[in-house]
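Two complexes, one shared chain (chain A), two partners (chain B, chain C).
Our next item is the complex of A and B:
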């Protein structure tokens, strides 16, 4: 799903078949077609999903344990916290920005949420997670809009600040959910299943769906996309940069809050070092899914598939006893490969397609 | 025959997926001639330049340079072969000096120390600028130069590699009229040295002033190569559009109504000092002046995009103090930015989403979500009203021709339904057919009671389309011209010589 399909799935399909390149329709809307579908557009929309399908088929064929219910449930549960934040990060990237502080937020919100549980049970723990996440997002939003700190610098700085606060709060000992609380509502959040589907995964699907509706069908979401496509044009169309950026960073904070509900309720302990490097894995998922760091372009379907792809890949490697070091290298390799394919396509696609269409003409002269 | 040809283009074809951008184009450029390349937007001029510049490769056909086959696979090949392309978007580094820019990638080094040899670079720059008879300091920072000076730096860059064929893409698009004259002088000087210039322009006056021959392209095909001395502007236009166009500037009188916009002693931004102006319903008020005289600032202040320091405005008789473009849009001001590419289009969005951006609050339906149906209604209304040619509502705006993009943006400006329209350079970079259509639209709008404030650096357009012209100089009004006073000479005189017409001194 490229930005075009932030409109309508069906419309996107039509774009695929009628629109080609800038030059194509440049002569007064009378394109002279020589035939040929634009495979590039299809790849943008569904490439990552296709890769996921291939990988799942490969996993099912080579690893007999992969298709077992418990394994699938574990893969889906494991993806949730990353996926929820990656959805919000996709929105940020479409808006032309990103947030490097989500790892710090995740650590801090986890600690605060556990402290909330200790003080007031499940209700307070959930409220603390959502409230603290949102507050973190609003701090970022304030820095970026009111103080005009560039997002890269603001969120990089806040990464350290959030983690620092989490460290201070857990100076004596990490925050934990005691084993005696195994039957509490809070602990259930991470382990409950509805019709065998893990609740964390359902939360992730719900969050993706809500984000999708936000981008496609709300005026605020449309403004977020427009601003990412051209900040200047957005300004002259009456879009408020302040409002748009507050919305984006607030959404990211809220996403971290929800993600923590699916994370800390399974891990049960947190401190300042929790999930080191989380922000980069989140950005990796969004970029793998097709988001362009230049803004204006990103795909929630792609990000969703990329999150699952990474989870399946990790599961496969763990099953094969591949070391953590190699796992990291593979993730890096996949990212570079995916973007490399993209780069090659952009650079040589013209010539390649020119050759293809010439062949077709020779084969079937009109 | 071959001796008469410096650049031979033979059966050149470039295909993009689904379309032929160039289709079997053949023509020849002679040594020491200025060869104009004309055609509507989308005729294939840019594609041809990209092939010659080594940016893209041809699908079929060949190019020969001084009798030898010429097949550049990257821009550097073109440069080394002696073909210099000066694109509309400059390729200069704003933080480097003029001399450093001219020698980017081929800096001379001192023989012993191997340090950059600034002395040689400066001397060579001075020699080239001397040759062009212009005065630019080789040590100036390029970012501090005006657009026209930057363009001369690009030309100097081309000459420093001894470019034998110099290709200029819309070189006057961003220049004021005095700067155009200087550029044309430079072009003649290049020709006098025996170089060939391929000159791409929408402005036929320039073509007739400077070119020896002109090649016309239409829809990617070669139409004709004409001797400028033996043809007329009408003939050229007819070949470009493939049909006769009526007189391009034709302002129809509309009935004047009440004052829509009144601006009183406005001081805003850094340039605008003191401007008083009003716009009535049904009239077009044109703002003239040299580039940077405060025209753009005036329109931005009216649109709430520029801080107002002093003075007052009324809209429809009520006090009007827009704090942001959003305020101005709510109050019913439509605004067209002069830079379509970077401040008009949302390149990733469909034409429909581009158009409805100013009326999002109005296309909401159930649950305050955007209603696909209402959105489509707005699009359909304005597609018909603006006569936008798009293959569907979902087509990306960046895939339309410049003229159609402009019509989408006009629709966006009009959609809130106010009766003040602020137009900055409404037909910049738009082909002749679309230009006439946009002028016709302005006529229709004024006859419906819309008041238009228009800035245009295209003097014939300004004169032809405005009912009254207000000339600015250094942020102040220096001329109020209407009727018989509204002549090219008067506008230029007011703008450049300090003469005042219709204004108390």
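Our next item is the complex of A and C:
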């Protein structure tokens, strides 16, 4: 698989094995050599999307208010900040790492962004959000690569540090976008729509697309995947683990910065307690989408669908007046069910897969 | 490349679906609004968190008042989350409520909600907590200052009945950012001083029991002859009572201890003789009051403000003593 083959963009000229291999790579899964798709492969990439479709159909059938334009816009707008960070988290998991500090980053970046607005209006607020997010990511990257702190410990520690700084900055009073600024661009950002599609959701789609292109069309992106699926092999072929990791944490920080632009412009206030437990919801979405915390496996398509699935599920439950406790139990149940299906498939599915793919393997010219 | 196309396709079809929705629902959305104003009114109530008894009672009071008027009631639970608060309250507006009542988890996040309500010409009545400097139509709060005054008067009567001659009292406040709660201690202070007492210690326990315990312990070390203590909430009052008991005194007979809220733990303490009194808030009546204000606001009538400048309307509070604690349950 050379870069010329990947960059020419003409699918027809590729041999079958190259196409499927790059597919699996971009999706973060283990490269597959089979020419066709077996059921397991289909479930990996489209299982969550199918679940989402079923849930949406169910919602449309049972809740007359679900399909109202305003409700769909609300669900999509609400998904954006979680989705953007979940996309970056999927990249991190594909790379074999993860970040527990994103909740602290979200709180701190939100506070700093609002302070930026107070000091210099919309422009500074946007710059502060992106800059502070990136800075947070680079701090994590430095700890993990230069100081060799294990990612779990480094990001767990930074979760408290980031939240702590946010608490200190808002000790006297929470950071606020005052009501007098209602007509400013910053206040409008979160509720803006283009052809009825909420801007936050467009940002999320854009971020997923950019991440997708990054993973499969750039050398750096392919290194992220290569290192995640086989660190040993990647090291032998000269991939610098340090640089790749640094990049991954930088991307996470930047994602938080963009996510904050869709979050704080809707909520208008932040302090140290903002979005407590956010990191776990992000990781839940990625895992639900097919990412494996053992590393090296994750699917952007799956994560995208999982984010929307969780949002639709929450919307349905809120609409039905389900209590907070039950809502959390359902989310936990869905997560375990999804992984349970995956586990059963891995355990018993190989026999069927073997039968299904034997013929194709013979046919594939690899 | 193939998978990327799928992603683009998914996004594109969503966009299409959305624009399809917009053309089909736009007119019916407006129609729905007209219909509801002739028909029955729809009242949306976004509540702080239904896990707390205080807000359960507030929701019950609001709901029964709405239904007594023959209107429709829609409840939304913010679940102590500012994101859920903004999303859910805006969703109520999207569902075409004619008036929004809200007890905000974060008053500062009221901005985007009020902005949207304003755009849709829907009146907003805030129930307790705070208004976040937004142009809400009215805010209902307990008559905190009067509660402080009642506490001072009861304390004075009890001190005189016990024959205590000391004129030293202690006041424990909530966190400084709780501006409405601060009025309890302001009302208390003004009244006790008028009655000839001296507030020898006034400190913030940040609404927390453990801090209140320490404040009371230190206050007793400084002035062993303290005659009474008033705390801004019940957990702090009970903690102060414990500090008094630990110092070898009786928190009812030796030092008159008064709290605020009417929490379960305070009622129990009053029954057991460990707390002199508390000032009970009435969340159910607060809910009923918001519905009355909502009715007036929808008709475009003048709202009966107790403080017109900040558009505040007060709900009466009740003194709970051993004599009437049984009725308070």
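In the analysis below, the second predicted complex is superposed on the first by the 312 of 366 C-alpha atoms of A that agree within 3 Å, B and C clash if a C-alpha of one lies under 4 Å from a C-alpha of the other, contacts with A are read in each partner's own complex, and residues count from 1 in each chain.
One rule holds in what follows: contacts are C-beta pairs under 8 Å (C-beta built on N, C-alpha and C of every residue); 3 or more make two chains touch, one makes a residue touch a chain.
Everything numeric here is computed off the predicted structure, so don't read it as measured data.
Counting only touches as set out at the top, which of chain B and chain C does A:223 meet: first, second, both, neither?
First partner only, chain B.
Scan A:148 for contacts with chain B and chain C and give back first, second, both or neither.
So A:148 meets neither chain B nor chain C here.
In the superposed arrangement, does A:191 touch chain B (first), chain C (second), both or neither?
A:191 sits against chain C, while chain B stays out of touch.
Could you tell me if A:233 is touching chain B, chain C, both of them or neither one (first, second, both, neither)?
first
Between chain B (first) and chain C (second), which does A:65 come into contact with in this model arrangement: first, second, both, or neither?
Second partner only.
Quick one: is A:213 in contact with chain B, with chain C, with both, or with neither? Answer first, second, both or neither.
both
Give me the intersection of chain A's contacts with chain B and its contacts with chain C, in residue numbers.
Common to the two interfaces on chain A: residues 11, 19, 23, 26-27, 213, 216.
State the interface residues of chain B toward chain A in the complex, per the touch definition above.
Contact set of chain B toward chain A: 14-21, 40-44, 47, 56-57, 59, 219-220, 303, 305, 324-326, 328-330, 335, 337, 339, 342-350, 352-353, 357-358, 360-361, 364, 368-370, 372, 389-396, 398-401, 403-404, 412, 431, 433-434.
If you look only at chain C, which of its residues touch chain A in the complex?
My answer: residues 1-4, 6-8, 10-11, 14-15, 17-19, 21-22, 25-26, 29, 49-51, 75-77, 79, 82-84, 86-88, 90-91, 94-95, 106, 108-112, 114-116, 132-135, 177.
Under the touch definition given earlier, write down the residues of chain A that touch chain C in their complex.
Listed in rising order, the residues are 9, 11, 19, 23, 26-27, 45, 49, 65, 67-74, 76-78, 173-174, 176-179, 182, 187, 190-191, 195-197, 205, 208-209, 212-213, 216, 263, 266-269, 274-275, 300-301, 304, 318, 321, 323-325.
For chain A, which residues count as touching chain B in their complex?
Residues 2-4, 7-8, 11-12, 14-15, 18-36, 38, 213, 216-219, 222-223, 225-226, 228-230, 232-240, 296-297, 350-351, 353-354, 357-358.
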